[in-house]
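Pasting the structures here.
Both complexes shown next keep chain A, but they swap its partner, so chain B is in the first and chain C is in the second.
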Partner chain A sequence: MISRKVKSFFNNTALMALMLSILLYITMVIFRPTALSLNSIATIFSTASMLIFVCAGQMIVITSGDGIDLSAGAMMSTTACITVELMKGNNEKLIPAILVCMAFGFIFGILNGLGVTYIGIPALIMTLCMSTVLTKLQIVISNGAPRGTVSKELSSSLTTRFFGVIPGIFIWAFLFFLVVVLFLKYTKFGHRLNLIGTNFEAANLSGIRAKHVRTLAYGLGGMMAGIGGLVGAGYFRQMQVSTFNSYTMQSISAVVIGGTMLSGGKANYLGTVFGALLLTVLSQFLSSINTSVAMRNVIMGVMLIILLIAYNRKPAVRQ
Partner chain B sequence: MMEKTTWFEKLKRQPEYMGIILLTAVIILNIITQGSSFFKTSSLQTLLSTNTPLIILTMAQCIVLISGNIDISTGITMTLVNVFAVMMPTRVSWMPVWAAYAIGYCLAVLVGFTNGVLVGYFRIPPMLATYGMSYIVSGSCLLISDRPQGKVAKELWKIYKGHVYGIPNSLFLVLALVLIWLVIRKFSAVKEIYALGGDEKNTYLTGVSTTRTTIRAYTISGVFVGIGGIAWTLMLASSNPLTGDAKTLQSIAAALLGGTLISGGWGTMICGALGALFFGLVTNTTTYMFIKFIPKFVPGFSVSTYYQDFVAQIIILLGITLSVLVSNRTRKLVKRVVRIHKEDEQR
Partner chain C sequence: MLELINIKKSFGAVIALNQASLTLEKGEIVALLGANGSGKSTLVKILGGTVKKDAGTITVDQKPVEIRSSAESRARKIAVAYQELSLIPRMTVYENVMLGHFHKGRFGQVDERKNRSFVCSLLEKYGVACNLDDFPKDLPSSTLSLIEIVKAISWDPDILLLDEVTAALHHNEVENLFSNLRVLSENGISIVMVTHRLSEIFNIASRAVILRNGESVADVDLKKTDINKIVYHMTGKMPEIAENPSDEKRSMEDAVLVVENLSIGESVKNVSLRVNRGEIIGLGGLEGQGQSQFLRSIYGAIPRDSGLITLAGKKVDYKSSANAVKDGIGFISGNRNRESIFSLRTIGENIFSAKMSMGRNFSGISNRMIIRQTNQIVKDYEIKIGNINDPITSLSGGNQQKVVFGRWILVSPEILLLDDPTKGVDVSSRRELHNFLRKAADQGMTVLIVSSDNDELLEIANRIYVFYEGGIHCMLCGTDCTEEKLVSAMMGMTAKDSVK
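Up next is the complex of A and B:
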């Protein structure tokens, strides 16, 4: 009985990710006591929050079944460039910027979706090509180097720290994620998304327009990455081309570590949040113990593989 | 009885069909824009020697794609061979140059094998397993050398960049690898890889070990990546831990352009070579088109290089779309034909 309880506890990926991140943080504090400060906690919170926006989109795409969005990072960079080019420090342009970023992300997401569902290009390749197209597009939009900045109001609303610990970006990310979870749990679209992820054919036969739903999932994924780009630009104030490209793989890792199955149909909302937290704490930990970039890469890779072996193995063929 | 088919219809059923058509189209386009200088030994030489590493890498990627998996650590593994071969003799005094090349090559095979174990035995999704691996390999590269440095002996890279009777030596390397492929494709070991990509469950049911077949596919890929790494080293004539990683994604795109399907079970290494050549030629063509061809007819026409890249990317995206569409259709057609033949025989 107890052993079963212990087993089910270890099988709860979300909780395990949280436990691991707390453990890592404690080890970090032991190695370097200065890490135990409100400042470092706040840094972890804000970095993880930035990741959450794009993770939510990635989660939706992965849930839709056999899907993956490799253009998420490039999309973030592109909308970040659009934001700074559009706003140029002027706060009145905030609403248009948000709308443009959302629309841009949505349209290119839909293009991804159309390519994947109707033409039948594998998601991996379609979004990969889209990411190279988007990367070139950023350079075309910004003429090589984006010059503008975001408005002070936007950046201060993201970087102000309440009670010294909770950054504004964390609250925005929290609200955003809450909306996404409620949307997925209590709307028809959310249920359909889970269904097509579990069994595309069965969903199709039961009268769901599976292709439409999947296309929309890519659209939403792109839109959320677009919002993530705007928020990231707001947090960093100035932008360079392809700043956020590394977020593609980080978002996928966070979603998968959190327990969302890559085969689709099974989203783990809380797991995604804690996966993002774990990744952030891990990279903070590695940078805090004064390792070289090289060593950090090796440790990061080994950790990722161990976590994957522990939590995201495919079922064996014979089953 | 099977009716006699013309060679063209036979070609149509091969996976290489779309790759050949795309490559012919882009070569014609290139000749139109570039003129007769396309055939000059020096320009052919540059074209082939810069693209050979990508061609070999794409061939390595193809065998993994055929098995229904994917490998996104190939580019960085190629870099590992490069960095190890060039930098190790300077770091470790007792290591002769040939040993550094040999050990670097073995490392590439080892990385391929480890990927195979992770995907086949531990059943981690191939994309993430190889992504984790690419972190480890890139870390190892940076441990050896953190910036572009070192140089390769002139005698060595002269061989690679030289030519015999106007035919570049790098072309011989590619042809040799294609020949190796033509030999190994006859073995049941490779046919099992095709089966695995076609249908994992059925392969298992026929008594083939899926784990071992996956490991085999990744190891063959590692063997080719190692050769690619040596070619890359000779092309650069120095070591660079930074630029190789971008080749991975290019090689996946090139494999698809050649007609390999990412869903597995369809394609050959020759597809990879064709696709990679197309990939290399497209950039070449757009450059000539924007710099020489269009200004001839539209005086005063000039655009920034960003647009050239953009146009090249769009052409590649369109090429991939076309290629995937055609390959999917051909595969279905071939499957149907095979089924009809079987039913005929049973009667």
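Up next is the complex of A and C:
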């Protein structure tokens, strides 16, 4: 009885990721009592929130089946550059900047999707190529170094801390994610996404335009990464090229750690949020114990492999 | 010599085997029977070492043994021919057969000549029409089944397990196979045969062990029993002969689907047919005569080279199945795992999937509505499920297929196309599916059904088009619908009633 309860607890990946985050945080506090402050909690919230936007997109792409978006981080970096170049400190340009970032992400995401579904290039290759294209594009857009900044209003709406602990970006991320979840739960697209991810052929034979849906998934994934780039630029105010490229791997890890199946067809919304949280706490923890950046990357990598092994096992199914 | 006592096995919450027992004497041929989901295949897999039992004992020559892997199974001289073929598509027939036990020559090298002549003689003996260097992906399924059997026999087993190997075989091939199996049993090899074709077992087996819901409920001497009793053990009910619905009074004016000169590459040649509203049309023939491709091309699932399709007076040319569904055509595949079941989703979502294909991507849908509508289908058609939110994989094959049927009832298409829908489905589920189809046809739905099972066609179809080598060989209706006529037409023997 107890063992079954323990088992079901460990099968609940979302809860597990949350517990691990808390455990890691406590360990961090033991190592470094100064880590127990509203400030450090707020930093964790901010960093995790920044990750949420791109994670939501990655989750959609992965759920579409045999899907992965390796261009998500480059997309964030690109729209971040576009944002600062476009706004140059002027808040009146906020709405155009949002629209441009969304459209830019959507169009390049759709290109990914067309390559994957209609031309038949493996998602890994297609999005990796796209990532290279986007990285170079940033340099073209910004002449090597983006010079503008975002408006004060945008950055303060993201960095202001309510009650000293809840950063503005957290609220934006929360609202954004809520919209995404509601969208996936209450539109035909969301349901079709699950179906094509589970069995592409059966979805086709049920009359679902599986290729359209999958292409759209990449489009939406790109769009969400695009929004993530704008938010990231807003948080940091100024930008360099390729700032967010590492977010590709982080987003994939967060999604999979959260319990979304890498093979597609099953998304775990809450798990994605806690997955992002766990990754953030882990990286904070490693920097708090004064590991070098290189060592931190090695440890992060090993931890990720372990977590992926622990989470991505499937139960025996009757054939 | 082999004894299985009270074997238990569960997959998650689903109990596949519970108190299953089986004994096998030297040189005996035993039929292992049971409705779908009764655990036959699981029992075979436990013996083959690909599934581990949870409890129970296996003894060989009174000594208890453990079979933890397929290697251990082979070490006990057990060989299995699996239902879902275990052949590797991109290795040659010869390599597939010898894989894992190539004859070795000097210095441990593969002695190619010896291997090839060995495989060649086996293929010849079992009448397998293929070359040593053919690839399984290019061969028809009946040939693959035979290769699978040859592969098992090549291990020179004491115990041979055959899991539904005759399902894809033509009856000539079955005869030949059976005479070979009899020789094997006279040489002291014990054989367990799993099959759904009940009429076969009287020809080949001496005893039948019958499983129901994972329990062995009977062990009968086939000389002292008949098919009715066997069905009774399998289902718990005495079988009744189903009434053939009358098909008079269907006017020829009411053509809902007209196909003219449809051709697809080498597999379908100039096929024309005419279907009236509310008819159940059978498409029969040996496996791989083009009937399945024909059906799928109507649905837009595979492209056709030429031909006209007219649906309710309107010419149609579907580039994808989605267009066909929009025009009121539905499709059920017999290949459940690959082509119809969404294994990670719930029963409700599986039923709703066809309806889900309608409307725009960004239009709304609520779970409550999905559950209400799918529950209604489950209730109306008395599909036995636990909860609508249970995963589809909690159901047995027959019930899964009923769920797939419900999927189309929910959108009530004008025409329903079925490609061997009851393949591997137990007798009672099959009967229920037939009743569903009749009920739907009475309400004006037109049904085209491809089937590899003659009894099914004869029982359910108003008219049967028999395919032979890519064309329609003849059309049977009314009093012509007899097993004898169907079989001879399938073989391409009579040139009677040809459709223009």
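Some notes on this structure:
Definition applied: the second predicted complex is superposed on the first by the 311 of 319 C-alpha atoms of A that agree within 3 Å, B and C clash if a C-alpha of one lies under 4 Å from a C-alpha of the other, contacts with A are read in each partner's own complex, and residues count from 1 in each chain.
As a working rule, a contact is a pair of C-beta atoms (placed from the backbone, for glycine too) under 8 Å apart; a residue touches a chain by one contact, two chains touch by 3 or more.
No experiment lies behind these values; they were computed from the predicted model shown.
Contact with chain C, but none with chain B, is seen for A:N194 once the two complexes are overlaid on the shared chain. Taking chain A as the reference chain, the count of touched residues is higher for B when chain B and chain C are set side by side.
Applying the stated contact rule after C-alpha superposition, one finds that A:V302 touches chain B and leaves chain C untouched.
By the touch criterion defined above, A:A294 lies against chain B but remains apart from chain C after alignment on the C-alpha atoms of chain A.
Of the two partner chains placed by the overlay, only chain B lies in contact with A:I119; chain C stays clear of it.
Once chain A of one complex is fitted onto chain A of the other, the partner contacts of A:Y186 are limited to chain C, with no touch recorded for chain B.
Judged by the touch definition given at the top, the superposed model places A:V133 against chain B, while chain C stays out of reach. Judged by the touch definition given at the top, the superposed model places A:S206 against chain C, while chain B stays out of reach. When the two structures are aligned on the shared chain, A:F174 is found in touch with neither chain B nor chain C. Comparing the two complexes, residues 315-318 of chain A contact chain B in one case and chain C in the other. On the side of chain C, the complex with chain A involves touching residues 11-12, 14, 16, 41-42, 84, 299, 301, 320-322, 324-326, 331, 333, 337-345, 349, 352-354, 356-367, 393, 407.
The touching residues of chain A, when paired with chain B in their complex, are 68, 115, 119-122, 124-125, 128-130, 132-133, 136-137, 139-140, 144, 249, 252-253, 256, 262, 292-302, 304-305, 308-309, 312-318. Those residues of chain B lying in contact with chain A across their complex are 70, 118, 122-125, 127-129, 131-143, 146, 200-201, 204, 210, 249, 252-253, 256, 262-263, 306-307, 309-310, 313-314, 316-317, 320-321, 324-325, 328. Those residues of chain A whose C-beta lies close enough to touch chain C in the complex are 185-189, 191-192, 194-195, 197-199, 201-209, 212-213, 216, 261, 265-266, 315-319.
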